[in-house]
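For clarity, chains are labelled A, B, C and D in written order, and residue numbers in each chain start from 1.
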Amino acid sequence: MSGGPSTQPALSFELRLPGHSLAPALARACVDGLAGVCAPERLAAARLIVSELVTNAVIHASKGLPQSVVVELSAGEAGIAGVVRDEGPPFEARAELPDRGSIGGFGLHIVDRTATEWGITHQVGNAVWFKV
Amino acid sequence: MDFFEISWDSPGDGCRRGRLRGELDVAAAPTLERDVLQQLADPVEVVVIDLEGLEFLDSSGLRALLMVQEHAQRAGARLVLVPGPPRVQSLFHVAEVVSWFEFCGGTNGHEDGLAGSTT
Amino acid sequence: MSGGPSTQPALSFELRLPGHSLAPALARACVDGLAGVCAPERLAAARLIVSELVTNAVIHASKGLPQSVVVELSAGEAGIAGVVRDEGPPFEARAELPDRGSIGGFGLHIVDRTATEWGITHQVGNAVWFKV
Amino acid sequence: MDFFEISWDSPGDGCRRGRLRGELDVAAAPTLERDVLQQLADPVEVVVIDLEGLEFLDSSGLRALLMVQEHAQRAGARLVLVPGPPRVQSLFHVAEVVSWFEFCGGTNGHEDGLAGSTT
């Protein structure tokens, strides 16, 4: 048995997506492309977080806008770091478990419980960054 | 791999079961909701959503399942979930909503199975 | 049976990759993310072409350079159109079957026989475009 | 899913077989070449490369297979390929190099099977 990606250096990419309902699936597929340089559990965590953040960017900031959501990811043995940017107005993060009976508001709660670190910065739009 | 599919059957009287395959995210959620509303047009006691074939679930999928639960309750029916594979099941734990749903046929939730509840 | 992506509008993305040996795999994974909007045979053709063009950009133009390879893809019911850009010096396309005994030079030959149309334009670097 | 793996065994005297799994592209090609050179350090008559478990092949993988064929011939051995699934096999056709290789055990190439050639 030989091969395997254990000696590969870090890998990174930048992805521009439209405000399209399939943008989260596309972003998840790109995260899968990092399989060669990081552990499966980390990849699954990054996949979930990216899905949540791209969904938020599409729904709350970029609906219908071309190439307005940007995903940057960088992966190596030490972990995965990422940021999802949009061009929408700034928002305040709320990451607590929603009240029983709520049907929404779970996205950032899931991000908060999946990422080892995360946060939001506001430049042109919103940039939500994370590490796993 | 974006792909989502539901196949419906009736495993018992008053019971409608939808088996999900693929990824339940923001693109797939409207399909699930619309399908369940169609199923609830007839008299139904239990709606079973089987997550065994599901490969991915995020908060948009979770939101759809909560909507489905609400639709079912309004129509006088219960929503029962058949647990999915670990990577799907873990989302309920991460989101801290395991107890918000009635699970059957698995070890990830309540043990009052489907058989008893459909009769 | 219900669901399925048949009514989805066109989807596009722009991906920036480093000159890294895993860049082709990453680009292929992103092509897989278009599965929601196009037929499997088209997707497989685009996957192969993108793999060839990104490999060429990495090997012949961008080895080791950060975010220097750009892949743009747009997919819909009518097909997939794409372009792979690099920042290297211009080159002349040669897409014939290499002589018997050759061990390289198959990439553009494969592109030529897989794409319905393709070509090269030279702006800053090389831009190899295709349709399937 | 970038992933590539080779497992080696000896199905007969003087025969070394490498089964490929995953995607044989520019990142995986050096692994294949290096592995084959190691196998050829011992006296070998036939090197079999089994493509059945391969999921993707492009021109970089093809180049690696041609290099392997050259290495084998230099060491006095033959390279025999076990055909892969259709999406892999189609690459040989698209590249117009089916006849450049000796295939066995399938319908995509020569019919002089492996059994006869390893004894």
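The rule is simple: contacts are C-beta pairs under 8 Å (C-beta built on N, C-alpha and C of every residue); 3 or more make two chains touch, one makes a residue touch a chain.
Note that the structure is predicted; figures quoted are calculated from it, not measured.
> How many links in the shortest chain of touching chains run from chain B to chain C?
1
> Consider the two chain pairs A-D and C-D; indicate the one with the greater count of contacting C-beta pairs.
C-D
> What whole-number Å value describes the gap between the mean CA coordinates of chain A and chain C?
Using C-alpha averages as centres, the distance is 24 Å.
> Distance from the CA centroid of chain B to that of chain D, rounded to the nearest Å?
Here chain B and chain D have centroids separated by 46 Å.
> Would you mind pulling out the distance in Å between where the CA atoms of chain A average out and where those of chain D do?
About 39 Å separates the centre of chain A from that of chain D.
> If a residue has to touch 2 or more other chains to count, which residues of chain D qualify?
Each of 1-2, 27 in chain D touches at least two other chains.
> For chain A, what residues touch not just one other chain but two or more?
5, 8, 21-22, 25-26, 28-29, 32-33, 35-36
> Name the shape of the chain contact graph, picking from line, ring, star, complete and other.
Looks like something else, not a line, ring, star or complete graph.
> Which chains are in touch, pair by pair?
A-B, A-C, A-D, B-C, C-D
> Residues of chain A touching chain D in their complex?
1-5, 8, 32-33, 35-36
> Any idea which chain D residues touch chain C in the complex?
Going through chain D, the ones touching chain C are 1-2, 23, 25-27, 56, 58-60, 62-63, 66-67, 70, 87, 91, 94-97, 100.
> Can you tell me which positions in chain B touch chain C when the two form their complex?
1-8, 22, 27-28, 31, 35
> Provide the residue numbers of chain A that touch chain B in the complex, in ascending order.
Residue list for chain A touching chain B: 21-22, 24-26, 28-29, 44, 47-48, 51-52, 55, 58-59, 97, 100, 102-104, 106-107, 109-110, 113-114.
> Would you mind writing out the residues of chain C in touch with chain A in their complex?
5, 8-9, 11-18, 20-23, 25-30, 32-37, 66-67
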